[in-house]
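Two complexes are shown next, each including chain A; its partner changes from chain B in the first to chain C in the second.
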Partner chain A sequence: MQDSFSGKVAVIQFPGVNCESESVRAVRAAGLESEIFRWNMPPQLLGEALAVILPGGFSYQDRIRAGVVAAKDTIMDKLSDFARDGKPVLGICNGAQVLVEAGFIPGLHWEKIDLALAPNVMSDREGYYCNWVHVRAEGNNCLWMNKYKEGDVIPLPIAHAEGRFVTKDEDIINDMHKNNQIVLRYCTEVGDLDSSFPVNPNGSVENAAGICNPEGNVLAMMPHPERASWLRQVPEDISGKWKTKRRNACCRPEIMEDEGPGLAFFASLIREMTG
Partner chain B sequence: MKARAKLWVKLKVTDLVVETAWLTLTEKLEFGDILYGLAKYSCWFMTCEGKNSEVIINALDRVISLDSTFTNQNKHKYSLVVEGEGASSGEDGKEAVLRRGDLQPEKDFPFRAEAGSAGVYACDCMISELESDKDKSYADRLNGKLGGVSVSEMRAGLVWRMIVRADGKDDAAEKVKKMAVTRSRREGLLLNPHYQEFEIISTVNLSKRSRD
Partner chain C sequence: MPKGTVSIKGKPDSEVKESLSEYGFNITVAEARRVVELVGRDPTLVELTIFNTMWSEHCSYKSSSKVLSEFLPTKASNVVMGPGEDAGVIRFAPAGKDDSYCLVIAHESHNHPSQVLPVEGAATGIGGIVRDVYCMGADVVGVLDPLRFGDPNGENGQESIAIARGVIDGIAQYGNALGVPNLGGDIIFDGGYDENCLVNVVAVGLVKESRLIRSRVPIEAKKIPYKLILVGKPTDDSGFGGAAFASEDLAGEGEADRGAVQVPDPFLKRVLTVANRRVLDLAHEKGVKVGFKDLGAGGIACVTSEMADAGGFGARLNLDQVNLATGDYSPSVISCSETQERYCLAVPEDFVDDVLAIYNEDYELPHIYHGAGAFVIGDVINEKSYRIESEGEVVCETPVKVITTGISYDREKKTGKRIFNEPELDPARSIEEDFLKIISSPNIASKNYVFRHYDSEVQGRAVIRPGEADAGVIAPIHGSKIGLAFSVDGNSYYGRVDPYQGGALAVCEAARNVAAVGAVPSTITDCLNYGNPEYPEIFWEFYEGVRGIGDACRGIGLIGKEGEPLPVVSGNVSFYNQGKSGKAIPPTPVIACAGVVEDYSRSRSIFFKEEGSSVFLIGEPLDELGGSEYYRQIYNTSGANIPQADFIRERNQIKTVIDMHGLGWIRACHDISQGGLITALAEMAIGANPALGLTVDLDEFGRTALEPEKLLFSETGNFVVELPGGIEREVLALCARNRVKLFRLGQLVSRPKLNITAGNERLATWDIAKLRDLYMNGCRGIFGKQERRISAR
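The block that comes next holds the complex of A and B.
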């Protein structure tokens, strides 16, 4: 068991998550130290961490509602303090669901539930949807995205049944706009917004794929950047500029290990730490 | 003729979702002093048309017992009740009903904590999704299979039976709402109001009846 997380990125492993190892590998590939933090380890250890990632999977088997049981866990008390201190917190897929159910996202009223990640709404099917999509980087408000430029189109994989950002309160949408909190939007390969399936793969409001808190240190995103951290993970038939890169890498293993489109989320931390 | 049909489905074995909800409500959210019992059912309430109640319940029973969308006989028990014109009178003579299945939700009050002498109420809290077409999809599924019977209205959802200590029905409803609706990280568990809604569909005063 780790006895110190000082200077490391802690990847919290709740029971039922399944992306903790690949998240640790992606952070290490970006040049930072990272270890798995089991949910029942002493909470004070979390306070030492450089940053915290809540990885994807099915925490507590998605019982009751995806993310809600983990959101009530004792470790979240410590994570709440950690996030309020301005330290970096990233929730990927199920991790995003935990952050929304904990009220860290959108974070307009801390720990109040202003959003949901509801079941996907798709025109020709229902339930779980797994595919590569394109998302567009918006604004420069989020520290997890400071290696991307506004308007960058990023291909990333998604895999979820409950990924539709939704709120009953129109004021929340307006406030998120005002604060530039919708930092990732589903788009076409050339960056155009289209609210219909499959460009918007789950019916998410405002095509939102990732939402950060007003301060920009907490990000909840449904796509999986850790599954797009190496070029070899990008499918050959992806459309857009990454298609050329990926095809040029065929039969050239040294190039296949190059950076993929998602690695910059983790590498952004280094820029944040080093200024 | 028209008839109302109610289908309640419950796992035969321990429902681990209920176990998790119980532990979260009583230990993490500290409702242990007011929550005495918890159970969960999948429910479909519908209006049907057919020649008579007997025809309706037989058609529904045949379909729901074989269609895994509604029940899987390996793991579920169910209660199907049809109320309408032509049904035979119940023993108490109050209500004309026909019944099928091996579940009796009206007698299912699973206490997990000693209730003492305080007022105890069982509230059935139905949770369903806002702006969902699931109800229509269930009705379409049944209508495609029933033959001679049709479903005109459908309401489906999850029903949580919460046994609570309360000073009257209104107090019980208030406590159930507090436990059910997730307002913040420390308040509520069972539904997110941004895409789900809930309604208390019945409240039974258990202080007035035997708890056996």
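The block that comes next holds the complex of A and C.
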């Protein structure tokens, strides 16, 4: 815990989140300073931060609905100002649920809830699902993804029971497309979109795995990049290009500490800062 | 003189018995009279409640302790702390010049609660075991869950399925929310568990040796005043009598027993975990010595008396200071209820305010959970007495030793008579057809449904995940190549035929599994699940099982440390596993093995990797199909010739596999267990990416070999390894040096078929895609989406 968050990435620890430590670790691995921000710390401290991450977990026990209670927390007022100033905000998994419940995402009408993260719809199983999936980088609108190229296929793990982006309003989907807001989509290891399970692991609309606001500084994503920030974290039997890299690291422990497929989300902040 | 005593002195046995049963106590009349002797008068209701808990089998190990200490080796050069506290500790890597990284491991059962309330029962199983590791000052980095359920196709099939699903949901709900990854587990379905499932849980943690916290009042309390702080969930009557419930047969319909199941709360636990870490870090920064212990069986009375006594102190408690849930609770309930998510700290008086501020203000426990918080509930005293006050009255007052001394029995044992016969093999049967039945049977088929329901990724340390290899592997220390591997095992089909072998083979298989990922087996824990120990034949099963475990630990030993045993650092005994019909479960000792990997980058999945690789079998398949999946599925019998543990062979084979990892040869490695050699090969082929095939010529085993089906389905514990081509001579030399047998099984080809031949004769051919389909869907009917949700009862 720190007295100042100036120049640092603040990882907000709502009661019940459980990915704060590894998120801090991943941000630091990308070359930035990062600290945990306990939810009831003075809100003005948050204003000084370089960027804010809402990590995964079960904030406030998922009471009522995942993310709802945290979305109403007093710190969110400060975070709203922060985001509207164009500063970087990333919500991962439960953090994504908070951003959706707070109306930051899709952010077409600020703080209006236009989307939901609904229970997974999967053939042959129900509830919580944890696995590695592939997502495709779309467009070049999102600040958190400026180190990825359009069409990059990124293997990342997911772990959630409610990760299905959904809306009843077709206009919302059209607007999100128009603004290039659907920046991560579930795909096969070669980048093909397939709406069926397990390629689309939760039935998400448009295969959406990550959605940013129209300005591109706020990103809500269900997969966990902090769990894919080192090569050793990638399963050696994964399909696609990363398998070759991962298998090359077998019996070479020094290579295991190399960058994993998810680190670039955090490293993108450096590029953002340095132009 | 305390008030409100239960009169025992001078009363006839019949009256004492009646009053014990009125209060719902399990202790016997003789034990109650022993209490009178110890206390020196009739006990108070609170005192008798404490003894009823402390002398339950669950808490006292009264039937088992002598056998455990007779057979189990608990000392080795890597052991920091053996059995005795909440968890065992070994060191596994240096941490700077004067410190070591330590692994903390604990193992428990939560069988009866899971049978009556599967979701809550299993969840509290996880909740309880992680507390045992946290309270040593460690961070919990994983859990494992060996599970045994009833036969899904048997008479109680629907109920067994509902229990299995509930248990898995409970484990997932707790572990996922707490943020602790699942590192492995196993599931066996068998009719022997129809009335009494087994839910064993293991938790593992990391701590530097210098930061270990003891479950005792520190010696500093001799000089400065110490206070006892209770922190966590408000005390209620949930789980009242839980330890006693675990210590009797599951006779009733369970309704009344549900109150004895505790109510889990992983959310509160997560916040407590973060706050505890802050408290322990601050104590370390300030150089303050604290005692820390979780509340489990016996609640407040148990934790405070044990902490005080272990430090050589006494304690004085005031129940009026305990934070209570809404409701009216008697002093006995407050003293002994097993309300979850609570810890007790012993801290110096001048550190109390810091501690209370962290819990109550920084982490706002009272705000985020109604009634939760940290409160001073008593004092440590230099005098060795133990006193509880409530509303101005003394409700318990005894020397502290009287409470913690315990009780022990010499149970009678009687050799069980078991008659098992070998089936006559039917030459008309087709191996090709029979294997399709084996690969899709619930005990063999993929548990992917279950693994994917657990978070295996949280904390970011996973290297090998459940289902990818024989053991889960994590990279525990950031930036270090040291790995830790974990496996849990216990095949009940062997113990049924010979309980000694059941124990010995469980250790062998667990050790084999960690070796298969290149780890040196470094410690084990045991969870010993048996029926009612008051029956001499059951007690014999237990005795034999422990004897087998002890022999295996000494026989396999610590590889690389000549003459040292594989130490048992922690464990649990679960008796009274028998249901309403009175039939006991098969003897089920479950072993968890932790291994240390020198370089985790050498740990590989079981799946075949490369075309052109050579596939070898290390060790010879013997005529040991007793208890095998093959005999049971195809001949509907157990058979008699179960595998016979041969510790020298086992040790040599384990050492060979570890050597091969060290040389960087291993591309894939899998041990032979249920389903035999052919099942192991199929599993290695099923997950291969890209697809690879293999032709095995059984003539390789020589002319005097067993029948083909015995070679393929024998469960002798060997290893299959995939190695690079062209190093055959070196491989042979290594195996000769280690005195292990080696058979070349073939070369991997890109054609995805598994063929078995005997010279020119084709015995069987399978499409790997077809095997994959059967394997992946074999448990669909149990765990897959169900149209209609079945309730537990």
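Throughout what follows, the second predicted complex is superposed on the first by the 274 of 275 C-alpha atoms of A that agree within 3 Å, B and C clash if a C-alpha of one lies under 4 Å from a C-alpha of the other, contacts with A are read in each partner's own complex, and residues count from 1 in each chain.
One rule holds in what follows: a contact is a pair of C-beta atoms (placed from the backbone, for glycine too) under 8 Å apart; a residue touches a chain by one contact, two chains touch by 3 or more.
All figures in this text were calculated on a predicted structure; none of them were measured in a lab.
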Partner chain(s) touched by A:E111 [first = chain B, second = chain C, both, neither]: first
Which superposed partner A:T167 touches (first chain B, second chain C, both, neither): first
Touch count on chain A, higher of chain B and chain C: C
Contacts of A:E150 with chain B and chain C, given as first, second, both or neither: neither
Touched partner set for A:M76, first chain B, second chain C, both or neither: first
Contacts of A:V68 with chain B and chain C, given as first, second, both or neither: first
Chain B versus chain C as contact partner of A:Y60, first or second or both or neither: both
Contacts on chain A seen with chain B and repeated with chain C across the two complexes: 60-61
Footprint of chain A on chain B - complex, ascending: 16-17, 20-21, 24, 28-29, 129-130, 182-186, 189-196
Parts of chain A lying in touch with chain C, wherever the complex brings them together: 13, 15-16, 18-19, 21-22, 25-26, 38, 40, 56-58, 60-61, 122-131, 157, 159, 224, 226-227, 229-230, 232-233, 235-237, 239, 243, 247, 249-253, 255-257
In the complex with chain B, residue positions of chain A that touch it: 60-61, 63-65, 68-69, 71-74, 76, 80, 101-103, 111-116, 118-119, 164, 166-169
Chain C - residues contacting chain A, complex: 169, 172, 176-179, 266-267, 270-271, 274, 362-364, 368, 449, 452-460, 462-463, 465, 468, 475, 478-479, 481, 599-602, 604-605, 607, 609, 664, 687, 689, 780, 783-785
